[in-house]
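I am attaching a structure below and will ask some questions about it afterwards.
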Amino acid sequence: MTQTDAPRFPIPQLNALPDDIRERILAVQEKSGFVPNVFMVLAQRPDEFRAFFAYHDTLMDKDAGLSKAEREMIVVATSAINQCLYCVVAHGAVLRIRAKKPLLADQIAVNYRKADITARQKAMLDFAVKITTESHKVGEPDFAVLAQHGFSNDEIWDIAAISAFFGLSNRMANFSNMMPNDEFYLMGRLPKT
Amino acid sequence: MTQTDAPRFPIPQLNALPDDIRERILAVQEKSGFVPNVFMVLAQRPDEFRAFFAYHDTLMDKDAGLSKAEREMIVVATSAINQCLYCVVAHGAVLRIRAKKPLLADQIAVNYRKADITARQKAMLDFAVKITTESHKVGEPDFAVLAQHGFSNDEIWDIAAISAFFGLSNRMANFSNMMPNDEFYLMGRLPKT
Amino acid sequence: MTQTDAPRFPIPQLNALPDDIRERILAVQEKSGFVPNVFMVLAQRPDEFRAFFAYHDTLMDKDAGLSKAEREMIVVATSAINQCLYCVVAHGAVLRIRAKKPLLADQIAVNYRKADITARQKAMLDFAVKITTESHKVGEPDFAVLAQHGFSNDEIWDIAAISAFFGLSNRMANFSNMMPNDEFYLMGRLPKT
Amino acid sequence: MTQTDAPRFPIPQLNALPDDIRERILAVQEKSGFVPNVFMVLAQRPDEFRAFFAYHDTLMDKDAGLSKAEREMIVVATSAINQCLYCVVAHGAVLRIRAKKPLLADQIAVNYRKADITARQKAMLDFAVKITTESHKVGEPDFAVLAQHGFSNDEIWDIAAISAFFGLSNRMANFSNMMPNDEFYLMGRLPKT
Amino acid sequence: MTQTDAPRFPIPQLNALPDDIRERILAVQEKSGFVPNVFMVLAQRPDEFRAFFAYHDTLMDKDAGLSKAEREMIVVATSAINQCLYCVVAHGAVLRIRAKKPLLADQIAVNYRKADITARQKAMLDFAVKITTESHKVGEPDFAVLAQHGFSNDEIWDIAAISAFFGLSNRMANFSNMMPNDEFYLMGRLPKT
Amino acid sequence: MTQTDAPRFPIPQLNALPDDIRERILAVQEKSGFVPNVFMVLAQRPDEFRAFFAYHDTLMDKDAGLSKAEREMIVVATSAINQCLYCVVAHGAVLRIRAKKPLLADQIAVNYRKADITARQKAMLDFAVKITTESHKVGEPDFAVLAQHGFSNDEIWDIAAISAFFGLSNRMANFSNMMPNDEFYLMGRLPKT
């Protein structure tokens, strides 16, 4: 890792973890070639680990409605507002891969209003940002805009839930000084050869 | 329910729910005498329901470290910042019961700095509030203050995780127009007779 | 009193007060069964006491226009923004009694947008909140919305003046560490028997 | 008057006012050479007029403690935050006269941290600004700073009360589109000849 | 100078300056009767001085499009937001002279929404303020409003560029503790005799 | 260019530009292999172009004091606050190259508090951020912290001036819809081969 500061809480040993957690981590490692730090930081509390990833998977691995790239757009926009280094860098990588657009994640992280996305996707991110910053003011006018862009109730719930869940994730990463693995920074930036 | 606006998303029928979810809801009903609306609103998505309550239970039902009343203080302070009516009212009720102090929840909901709690508990809520409002600025000086008040690393993680989790919960309740059941408003306000 | 901290300024002795102030306080005590702390805290400065309550009475005891419950809604919404424990709790009690709705004060204190009030009353509170947070931006579009809801010029002045006056009250209570009497917390929550 | 917009509420006729109010207004006119608009705007509601000026006089005409110039400094700093044109211009004039410093009001209106005042006066304005912007966070550390600068409890109350009272005044002036009389702009800027 | 604090950085000697800078300063002195402090503070870095005034002159000395008074309105509104004492006072003086309206600068400095200017000029200042406070949100709706008021593309660029340039100037003056010369405060306030 | 929106203002033809500007642009093109869009957007106003780059060069091409990588850190941190896509991406590229650290720009853009930089560099960015967000509060305590980290007066001026200048640049890029060239996104991310 590049960061100057160590993670604030001790990282558990892989072989000391419960079987289900160790197996998930090994599966990720096999698929990605490395273990994203979020797995190791959260593994020190197995029950939170299980709930966190169950929540994550049900929101992010869905096939219907929002595309997987759109889900990652929401994550990056939310995480940028919360200034979460881990989530912007790690999910920026996933967004680049899912969207097959190497520039998109940086654009959304800095100012999604200038990003190379559709007007419908900007409305989606406007709503995600409002969930993040002032959910107490969300009301019918917001839903009306989303409906005009053709979002279903299920998609609207997904936008809100992804933004809300990553608000949690951002706070945990910020607080625990979770650092993105070096591998994420370059992923999805180069054309496949 | 008292609210003028219906919940934004259709409430599922209890007998159409998966067994585990229906059973959890019936158990709550038996214990409390009513079904808190959060169960019915979230039940329309069983996997999110399961992840949400697994996360909730591991953070809130723990015996070691922070007392159960202290955990509820964090919920109320966080939810007040996020202006979440459901969570302030429902967890205010739980806080009154757990702390056996009928005035405490209202005090924390309005301004925890004036509440009848210890200096240590105010430091706990200062940290929870910082997690809620600017987690990107959390750093060593914050941990030093917590350490001076004798909080362990495990307790610090709990404060942060409870605040982060209820940030998620607040956003879901605000967005879905989740209303507190009428029963919560009076719970814990009267002396047991 | 429940609070851990004493009021910051010495509370005067009732019998050392000027006659008119002592009489007002005794009258309140006879009517309410206790002396709300605001009377004792402000009584240490008789001229401010007299001006404060003269201002209060002319705004709050009026029969025409806004109902007395609506006036208290404005107080609670304003005081919640200013995080004034005394005013939210004390006027929350009065609001419950005036509106004969035991849940209303808590709803308005947390997020009036979710409260069980009319659209007209929400417009009234939108305006009160704007007076509280950015009165320098109030202008014709705000008055136009109020006119659409049928508010007269006199009622508009009342909304603004009540919000402005309780902004003063909130600051005095916050600064002087004025604590709500325990009696307020439960008032108006129980059905009359 | 210079303003393009008329005051929002009808200005009463002087001879239609109650005697005590008309007499106060005539006395001001005799002393100042003109009637400050605040008198005419507020006179449409005699009871509010009386309470407002009673409050004003007891806070601003006191001889002990803070100097009259210092009281006006608090008014100008508070009114600048609330972006109240009437109060900054009218009380800026009074401040110039009271302090016998023709440049001071403009300095405090723009940024009191750069004004030609003492460190003690800057601490006084720091406190007034905190009362104005976040009175719910005022606490012992603030009082300790004031005590270090030698402020008595009575003076501290005055700072808070003046700031709170003019917060009310600022909101009433902003809302009612009260415009400063042209005469105020130049008052106290020229050496007496 | 009136200020209590000296400028933070040493003021260079006029005769130690490069010829072009000294000549510009002497020309200003001849025209104005004094040397505005901004010249002396910036002169300690000749290349920045030259770039600053070249930028200033191309934006402020243009004859087409916005009037010179309108350009100064933008400067005063921008500088008031940034709480820059030097720029509000010095450019307030220039605005009074350019607009031949002795009250205008104080009005714009406190709250341009109440100033004696046209609706078109208020739209101009709305845009300047948005450039100053949230330029990342500027978009087509903003340009549409400006177009409705008849602003050309060239004028829109000027509004943005003047606001952006004085944002720089405000920060340099604030940071370097640059104080307005006493002469500015009264300039343009008196009728020519 | 990838962006969906065209730049708001017409891009001039290279051969229609004044000689000095065309030559500068051709020199950049020869060195970089492409013409950064900032040159073409600003070239439509030659005098602003010249002042802008003169200011830029004197602040960024200096050899003494702050390293060139440190100057770029200030640019990236400032531009991230102002949500300027062009400046974060373009100067992020320059920072990666100057610092020879491919991960650094992303870290500073999201949250410099977590970046792999020294405590001295964090103090430098704390100051740059304060210049950007509340320069009116900058004062002796800020300078004392910088002095503790060994910054000279000249270096302090550079931090402030770079932050102030790029605040101007950010506003111009945001307003004119200036988009970063695609080339910037990947620059400095790969090891030299």
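Observations, loosely collected:
Every chain is named by a letter (A, B, C, D, E and F) in the order it is written, and numbering of its residues begins at 1.
Definition applied: contacts are C-beta pairs under 8 Å (C-beta built on N, C-alpha and C of every residue); 3 or more make two chains touch, one makes a residue touch a chain.
Please read all numbers here as calculations on a predicted model, not as lab measurements.
Any chain touching chain E that also touches chain F appears here: A, D. When chain centres are set by their Cα atoms, the one at the greatest distance from chain D is A. If you average the CA atoms of chain B and of chain F, the two centres end up 44 Å from each other.
Computed from the mean C-alpha positions, the centre of chain A lies at a distance of 24 Å from the centre of chain B. Separation between the centroids of chain D and chain E, computed from CA atoms only, is 28 Å. Contacts with at least two other chains are made by residues 83-84, 111, 136, 174 of chain F. Contacts between chains, counted with the stated touch criterion, involve the pairs A-B, A-C, A-E, A-F, B-C, B-D, B-F, C-D, C-E, D-E, D-F, E-F. On the chain E side of its complex with chain C, the touching residues are 111, 113. On the side of chain C, the complex with chain B involves touching residues 2-5, 80, 83-85, 88-89, 92, 102-103, 106-107, 109-111, 114, 116-117, 174, 177, 179, 182, 185-186, 189-190.
Of all residues in chain B, only 8-9, 45, 47-48, 50-52, 54-55, 58-59, 82-84, 131-132, 135-136, 138, 143, 153, 157, 160-161, 163-165, 167-168, 170-172, 174-176 touch chain A in the complex they form. Residues 136-137, 139 of chain A touch chain C in their complex.
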